[in-house]
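Chain lettering (A, B, C and D) follows the sequence in which the chains are written, and residue indices restart at 1 in each chain.
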């Protein structure tokens, strides 16, 4: 069912949700940087810039407590986190590439182990997607089989239309429920034409061919030339909408502390560093190879799709100009 | 004799990093001379101010110190020849950094207190304690310790309560 | 989990009067890891220590905290007790709840809370304490003495008389140093050579002393108790074993007119020579720069006349390695070169006083040679220019010394006294002569010193003029000295026959190079630095190296001899044990994490940090890392605070221990 | 007002770099040359390691050549061949890092062949590499550059860099922050650090962060919280700035690499300014046996010690 919401009504919707105590997370500017963050009011909403981090942290926080401990004498007591405390959230203005990442993460966190933290947050979040009207030469969603109008992952999907406002498409029960609750703010039908969508310039990549090459080239001299320049930071993984590795650390004092889960990145030297001192991925190209392998082979092996939505963030933000789209494209031509 | 302090009045937590040869001995002298000073200070003994890492000062603030004192031998008196000279440069730089980050330097004191200066120890500790008391608690680091990135925040009344207590 | 025992001491009532010790014991008993806590009247008493030892065994304690007085008071006591009970002493810590708590607070509640926190802090600390074995370092009971002047000679004789071997190294062909050049010595006017030469002979004959003259220190490796010294024995061109010291070579040498440095260039010597007749060893050396044989290949006369066949033109420098356990540095002084500004030195020189240009302007040491009975004039005071006796002589003090604008701010200490002595020697030898002294003030502290100075004025008729010389120039055969007498406030002009400048004492040239080899520090004038100006004036900061004489600062002979004997006593104290035992509070490098930036080495005041190569099994160099020599490290921990990755750690004060204490607060 | 900056000399510089790299590789003077090559996106560049003289023509220099390649020569990045002498393309600011690394025993001059770049500046950001080079897009560090022509290199193309006078942004920003109250400064940094995700791009691109084991990765004890919470973020950035004090020569790679736009170089510049005021020390001009925090004089300022 397609409906319409004006910009003003969208703002009213968001302000109403905020007033009702819901957490509204949407692109806003934080000290000059566009990021998905909770809005204090709808005025903060920014729709003309792609946030520098993806929306994944609404479900998979940068860092979260998973338990706390206290010690007294020879006793240790542990307190679990109550997931009921997770706030109801509406994630608004999520670009297609970021929204499409959400089902990809769902698969991982509800696979052999059901991650109650992720799943509870996921359950409590409604995703309002946004069709993408701008692209640069780092964008490559179309190359990995998605599009600027991809509705996957969204509960409600907004497409900007001529003359302002958005045409709305409900994609799930959650989306429908949202529209129903605030039905007065939505017009029944949308007559305006959608604004022209973004047109990423990257050609479609034959991902099966890429996987085929990766299947047989764990050892290959190409890895050196691809990744010698990698300096081993975690920027690519942390801005990625689908990277989902995490580390668990205990922080606190002898008397009390917290066990925390936070993002990790396979580019880090410490990622596979064993307690023994041995590191199976002892050189940066081996670590970068894992990034490509995981995205275009291992994930596919397990879940039948690619662990990349073509948002292009890692290309834009890599300090040393590593270009994953270019690398995959080259592999596909081998 | 025991004057009652008003209830709930703020008692600052002062951490002192001192060298064992001069300032620790100076504090011992204050004790053997039965001088009196506020009980807020907790002393950590180091062989030399040269051993004191700026990170310890940071850690002290993070762990809830409202004021930090670093004290060692007067220049030329270092038991280890030059440890205090190295410390002097290190802290000259570090305090500028903390100031630039937004730490009020009135909470961070550097002193030379020799083994003979029990009186000076009392004076330094008393002054710092009273100064910090009048400034109120060091809320900045305490707030930080309780804050989460927005995505990891859990809304619990207990946490809010604790946060407001700072 | 650890099983920590906490013992709270009442110290009679010293602690318990203001600290509720029972409450403290109860509170800390709840801390994680604490297995036992109690309070007791006197922990340091015998029953207290017995309680401690018994509880360690009964409760199988892993760590101990004694909350009592300052660790500066009783840490040793309790660590010994803990050791007696079978625990490593470094698993015991003291919490200071007396000096830092009960004695300085009156409010019982406040003091009790504070005491609880102090003990809690030490409980967290002790959990992170590690077993530390006492460090033992073997001691090689031989010592090296560098410099064969009076300081080196005295130190060498004292150590050798104490029964230990001494290696004495002297740069010149003979020992004796500056003292051998002096005529008489203040304040008793003993003949210097009369008291010096017997000591030189003692050195040569001492069974425990190995003497290397005409030799220099090439390389110093190792550390206290275990130094390896490489000595360069320069080619003497005369075989010391064969030479009988008959002196025929010197009389036959056709080159005779080489200025003798020992006589301040006033006398002449041949190309094969001993610097002075009483030289030890009495073995000549060939001055290869001036010898015809070495310059042209012709001559060879000395070899022909040498009965024992000791002259050897082929001789080369040899390197000798000597293991020693201690080093005494006694390299002495040199006089300020006043003629011009030395290159690269902050010192500005005294070109205006004509030294080096006007032949009859001489320095104090030259005057000593003129006055010496064994000197070039046979003890007659004669002008270098024409050999006539000077009837008017002017002495000027503080040349270089105490002249900040000229680059030296210190007092050379001996000049006032030796100038007074010079006026006396002059008066004894030139009865009708008149001595004038320009001085700023007379510094004469020392036994019988002031009396000596006054005698030069009152009995020996020297005229002292308080003031400095402004100008000095040659006028015919006279030297006109213009100055001011500030006591009277008049300008003074003296037509002198000779001028003697009391020039400043400076360290020997190359003192800095030697210091770098030894790894000892020196001040901006290159005087060697003692470890503590008052309490450790004989030791260097670098363990196992001691100082004697003017290399540390200007000194007269009695002070020099005292310091030399003190240094010898220090060496013998070190040699009194077979092994050196040290508290194991030293730094250690985690080599796997070290990247070899050597920031630690840069800040180490003790030179305890070395560069160490790490090689793989094939012998390929993997990296160069820092290594802390536990024998040298003094445990200040400056290296650890400096190391960016904290891969050098000070045992006993590790980051873990300190952070645990901070986190306990 | 935005003014275009004339970057035309870079064409000739590129040609000269290519020729020199070709020569030193083919003559066997070096085993590899670290430089810049163009990449897929329009105007983009990447660091490249060339070992074959025939590939020297890949080397370029443009305003998008932002990286400080010195990072590839430090021990932390072990992938660069360590056998024999290595050629490296350096801007003046990069050279300062190399000089610092030599002073810290990480590199030896004789192991390097330095190809200096006569530099008029580079872009402040290469998120969109196809950006016109103007007084707006030029990197802030280039506005206060004092090393347009790197000194002491083995080879420098003969082109003379002519640079426009531009306002010094760091100095102005430091002044602005210094004029604030401590609480205002705290609020400023709190907002900035709230963006930090602990990706450690700042650390990994820094030529001076060559520790094998970063203090901030340690957990026995945990000196700095590793999690990207506000407390840990503050501690990390304070420790990072302190560890670079007296060493950082201002290549500003930390700031450029930060995906969250945190003005990290501001901290480094502030500390550099303080050390200049306190000890008349400026990093990167000569190979020093000791840095300002590994030496002292007896007369050092102690007005802050009471």
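Note that in this section contacts are C-beta pairs under 8 Å (C-beta built on N, C-alpha and C of every residue); 3 or more make two chains touch, one makes a residue touch a chain.
Values in this document were obtained by computation on a predicted structure and should not be read as measured data.
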| item | value |
| --- | --- |
| Neighbouring chains common to subunit A and subunit C, by label | B, D |
| B-D compared against C-D, more contacting pairs | B-D |
| Intercentroid distance (Cα basis), subunit D paired with subunit B, Å | 35 |
| CA centroid of subunit C to CA centroid of subunit D, Å | 45 |
| Cα-centroid distance, subunit A relative to subunit D, in whole angstrom | 31 |
| Inter-chain centre distance, subunit B versus subunit C - centres from mean C-alpha coordinates, in Å | 39 |
| Residues of subunit D touching at least two other chains | 194, 215, 222-223, 228-229, 293-295 |
| Contacts with two or more other chains, residues of subunit A listed in rising order | 62-63, 253 |
| Multi-partner residues of subunit B (at least 2 other chains) | 54, 59, 63, 82, 86, 90, 148-149, 152 |
| Contact footprint of subunit B on subunit C as seen in their complex | 70-73, 96, 98-101, 103-108, 110-111, 113-114, 117-118, 121, 521, 531, 541, 585, 603, 605-606, 634-638, 640-642, 646, 650, 653, 655, 658-659, 661-663, 665 |
| Interface residues, subunit A side, partner subunit D - complex | 30-33, 35, 52-53, 62-63, 136-138, 224, 228-229, 231-235, 237-239, 249, 251, 260, 262-263, 265, 268, 270, 283-285, 315-317, 319-323, 325-326 |
| Subunit B to subunit D touching residues, read off their complex | 54-55, 58-59, 62, 75-76, 82, 85-86, 88-105, 109-112, 124, 140-141, 144-145, 147-149, 152 |
| Residues of subunit C that touch subunit D when the two form their complex | 592-599, 602-603, 623-624, 642, 644-647, 655-656, 659-660 |
| Footprint of subunit C on subunit D - complex, ascending | 75-76, 104-106, 210-215, 218, 220-223, 243, 289-291, 293-295 |
